[in-house]
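Chain naming follows the written order as A, B, C and D, and within any one chain the residues start at number 1.
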Amino acid sequence: MRVRVAIVGISGYTGGELLRILLNHPRVEVVGVCGVKSAGGRVSDYHPHLAGLWDGPIEEPRYAELGRSADVVFFSTPHGVAMRNAPEVLKGGAKVIDLSADYRLKDVSVFERYYGKHESPEVKGVYGLPEIHRDEIRRAKLVANPGCYPTAVILSLAPLVRRGMIDTDRVVVDAMSGSSGAGASPSEFTHHPTTAANVKPYSAVNHRHLPEIEQELGELAGRRVRVLFTPHLVPISRGILTTAHVFFSQGVRPEQVRRAYEEFFRDEPFVRVRQRLPELNFVVGSNYCDIGVEVSEGGEWGVVVAAIDNLIKGASGQAVQNMNIMFGLEETEGLKTAPLRP
Amino acid sequence: MRVRVAIVGISGYTGGELLRILLNHPRVEVVGVCGVKSAGGRVSDYHPHLAGLWDGPIEEPRYAELGRSADVVFFSTPHGVAMRNAPEVLKGGAKVIDLSADYRLKDVSVFERYYGKHESPEVKGVYGLPEIHRDEIRRAKLVANPGCYPTAVILSLAPLVRRGMIDTDRVVVDAMSGSSGAGASPSEFTHHPTTAANVKPYSAVNHRHLPEIEQELGELAGRRVRVLFTPHLVPISRGILTTAHVFFSQGVRPEQVRRAYEEFFRDEPFVRVRQRLPELNFVVGSNYCDIGVEVSEGGEWGVVVAAIDNLIKGASGQAVQNMNIMFGLEETEGLKTAPLRP
Amino acid sequence: MRVRVAIVGISGYTGGELLRILLNHPRVEVVGVCGVKSAGGRVSDYHPHLAGLWDGPIEEPRYAELGRSADVVFFSTPHGVAMRNAPEVLKGGAKVIDLSADYRLKDVSVFERYYGKHESPEVKGVYGLPEIHRDEIRRAKLVANPGCYPTAVILSLAPLVRRGMIDTDRVVVDAMSGSSGAGASPSEFTHHPTTAANVKPYSAVNHRHLPEIEQELGELAGRRVRVLFTPHLVPISRGILTTAHVFFSQGVRPEQVRRAYEEFFRDEPFVRVRQRLPELNFVVGSNYCDIGVEVSEGGEWGVVVAAIDNLIKGASGQAVQNMNIMFGLEETEGLKTAPLRP
Amino acid sequence: MRVRVAIVGISGYTGGELLRILLNHPRVEVVGVCGVKSAGGRVSDYHPHLAGLWDGPIEEPRYAELGRSADVVFFSTPHGVAMRNAPEVLKGGAKVIDLSADYRLKDVSVFERYYGKHESPEVKGVYGLPEIHRDEIRRAKLVANPGCYPTAVILSLAPLVRRGMIDTDRVVVDAMSGSSGAGASPSEFTHHPTTAANVKPYSAVNHRHLPEIEQELGELAGRRVRVLFTPHLVPISRGILTTAHVFFSQGVRPEQVRRAYEEFFRDEPFVRVRQRLPELNFVVGSNYCDIGVEVSEGGEWGVVVAAIDNLIKGASGQAVQNMNIMFGLEETEGLKTAPLRP
């Protein structure tokens, strides 16, 4: 069996990355590559590294038709496109994996505070973080693929939060992201001369990925978790490294902390709990999330570092992992390429 | 009047940077450039960018003689050199500015835990952070120039700590540093192929700059301040950006926070309190420390970002600033070069 | 005496760099900072590193008035602005230094092939490369400041070309430039994600800086010089390094080659002829042009490498050097800051 | 059938890259990973990105045994190891693919001028550039895998040289390489602080890859080809981009030039002749060599740009490509991963 996939939104980085991964996936047939502005062009106009690998045309998306001809449609589009068109795709019978934020937040009022009016609030997606929601994903028609920062932050805190091992009122996370997270459109924020040899903190007190983080951690904890989250743009293209600082609850012993991570991720194919804090280039180019934890001498607080490739585990790789789960394929299929270092 | 200065330790980055600044200082005469291994060589062997600017020889340091022929001797040497030789320089009458850690920590037992045996514990230096200790520096014979991370961290927290505005048990600081902070000797830690396009957290729970930070903040607070400090190597050459997270004490209002910074640094020539969080390239190439602060919506916690050039305000520029104070010169003399951006 | 200077065009990198240098120039008074789109804003909106250094307003340029109130007006504007407005400035009595291409090419028809219609072809400027045209610059009313690539290429070939030592039909130059050369406006060409960790050759056979190079080298040679010039964007912000390959004329001996460079640049304050090929970071942050030359074993051909900071010796620093010459100041005044390395 | 492979030399970048590729190769079984200094350690000590992917031990190489237990032994060792040990491996029956320079040069006296005494000059290898020597590789017992620069340079000039279309006395090539080409051992040349934001020309007139280039091009041309080759270290980790300048022979027409490339590489799975000059990130992470060519307006000269990943097509990927050919496998097996961009 081969899964017939279509991609809507090919001009951006996550679209290109999806196609790159899917073309090398032994159980997939790409039946459509669509875009609105890019329709009529070629993939290599946007992704010159993919020249010669997929020579089909870029077509205007016809959602009803995609819903019938594909088994699954990926939306690698700006926020707003999926919520207007996924319902029609679903009606045709295809499943949907949405890489945008449209279906990530369960509370529509929270969504609307950050992203504006939701146009299909009645449609519900499963939050596509396999390490937390694998069973629901398996049964899902619509998967909301997590944001890049949330993937790293949720995975690095989940074991502690679920076991009630930390003060959930005082979790501090600094994140360092490469510029590809800001997308393929040129902007002052990612203009090379002032981005190279620079570090830029931004959205220090209210990043729009925060509700997603707090929704998932809150559910794991069974109560509100407050995360002080400050992202920084660092002069690299790819990758996110997050450094979380936690204060342990009374009575938590250092050896329990490490064990919590090992047990939580024991059978996970894409999470590696490391003996030391990971570096970013341990994972870039792969679907891994590497996690390391250190506990202070006195044992009162700890540091948890997670590293992911923001375009793979933080976007398109995780989307393919979700697809594998949804269609009963081997979860690692198409995602076995090891990280590229140096 | 011109201040006669000698530099001991020229092969490293702080030595080169000192010479670079001093050669352009209108009130200084460089009377000696010394090194042990580098003796007999030329400055441009180590600092090819300075070719043609200073053609004197590199000499073996003769400390007694330097103490008589110079007004001030800078030690830009590895830890251990100053503590063995500064006493002899002081005996000759010259003042000493030590860029190493030898005299930074008041408690010798703390020093020895991090750096090994101290060989002149009876000699005391003034901690050379002008914004905190200007008056003492003015009268000092021996100034211990602060570490690079401590400069940024102490300045970014001093206003809050002195006024008792934050929970001093839970201060979290993540720092991002360029590779020049690791010095001029090649090592695996700073090998280009695995440093470029990478982020490396290190010494996450016990960096040796921590005691220096806690000593100074503790003194300002009048009680112990606990800082959770995690440095990261980011792929740039120069600069440090620190992001501090603080939890405000009951009753602190957001407008008080900003005012605390403005008042504390009102007359400081080298601290700029910014309207928004600074980026690293606002300061690189200059002696500035730029600071920005943001308070959460609810007002319970805040983020303070500081940016410095680790080799200037974090080392050699601050050393020259200290010299200017010690000799009654205009504090900004020789340090007026604006940052280089992009 | 202080020279009263005005800058027209402050939002770009060369404008900011001009102001940065002039603010630290002991013989200059900045009497006006102007811009069209930027009028009404503040310098720090465009150049946050200059915050606190110049607090005057950005004004709309009134050219007639500038011509009377300033001794010299710098145009750091896009091509086309100076050619429409410099004549009015000159009429008022001020001198003009134009950092754009408007007056660089003597042959208007060549100009128009690359840049479009010239609107004041009757006005003539002196090509402002001091190492070649110092005497004319001294007497000039209008100086056309050279392009960044031409500065490096002309200086690295001038000694050989003037002495007729090379085959002028086969000069090959590859250039590597940082992204700041493309200006402050975001574009796909300088979008960080695809510029970092990349090398981009461009305009391989007909870059618009080529006529400028051939004009000047041709004049030095007394006949046409053909340069095969291929620029490459490399992932740095600042700096240009050019590698020229030359075939020596019959009878040229290796020792003559080196001597040609040493003699040609003997008294030049800003050209350093190195014993080995220079690297880019030997000069960044300064007005130096460093040059090194190597001759093949057989002596038939040679490699000449030149390095400059594209925004300083390749633009604003050279403009100030020209100003110093035009006003009889010490040529190095305001330009003594040594390069910044690492 | 699965090919049993052993790797000798695992601590360096090419060793790690070989293992990374081979672990994902569907027709390969890794039967041994060996090293001298690294014996007893684990792969992840040297290649932390490969943690969890190969858990076997690193063993001391026993060459006779390897020759019997493996079908092919890769030497990813410093120059000198293969020439002392490959003969014993061959005796055991295994084939050898040597990534070092030991067997690349046919003329032993040339080898010895650059690398020192050859210890098995009687053993002959096939130069493993499949696009030139595929048939010989198919029959080879010992393949000498090409150097990284030669791969790019030879491929970019082969079509012109074979057809006699250019002046073979005046070929100029500038190359820009990432730092991984210098290997995994820290050195001043690749120290991050002075490598980042820098461009370093080196070995401008006599790089040791030159004889390899001239041997192969000379053979294609049927006479001596002289290449002026100047490499530059640019601040990236991975990749080589070469820019070649050629002067066409009388009568060569522009359309012939392009056609020469298209015909020469028509059936090559790993060479893409592009419509425009390639950038480095069109190929990084893959085994592709992308080539673009532009001809001057007058048609007298041209620019040929080639881009490769120095560790893949320039080393370990090409080695696997050679293995595929030697063992009659699909040539692209294990090498289908598309480039990673951005």
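Keep in mind that, in the parts below, contacts are C-beta pairs under 8 Å (C-beta built on N, C-alpha and C of every residue); 3 or more make two chains touch, one makes a residue touch a chain.
Small disclaimer: the values here were computed from a predicted structure and weren't measured.
Q: If you check the contacts of chain A and chain B, which chains show up for both?
A: Shared contacts of chain A and chain B: C, D.
Q: Based on CA centres, what chain would you say lies at the far end from chain C?
A: Max centre-to-centre separation from chain C belongs to A.
Q: Cα centroid separation between chain A and chain D, in whole Å?
A: Computed from C-alpha means, the inter-chain centre distance equals 36 Å.
Q: Can you work out the whole-Å distance between the CA centroids of chain C and chain D?
A: Computed from C-alpha means, the inter-chain centre distance equals 39 Å.
Q: What is the distance, in whole Å, between the centres of chain A and chain C, each centre taken as the mean of its C-alpha atoms?
A: So the centroids are 46 Å from each other.
Q: Residues of chain A touching 2+ other chains?
A: Where chain A meets two or more other chains at a single residue, that happens at 13, 179-180, 193-194, 196-197, 235-238, 279, 281, 341-342.
Q: Would you pull the chain D residues touching chain B in the complex into a rising list?
A: Residues 13, 178-180, 182, 184, 186-188, 190-197, 235-238.
Q: Which of the residues in chain D come into contact with chain C in the complex?
A: It is residues 170, 172, 174, 176, 193-194, 196-202, 204-206, 228, 230, 232, 234-239, 241, 243, 245, 247, 277, 279-281, 284, 294-297, 301, 303, 305, 307, 341-342 of chain D that touch chain C.
Q: Looking at the complex, which residues from chain A come into contact with chain D?
A: 13, 16, 20, 23-24, 47-53, 179-180, 196-197, 237-238, 272, 274, 278-279, 281-283, 285-286, 290, 336-342
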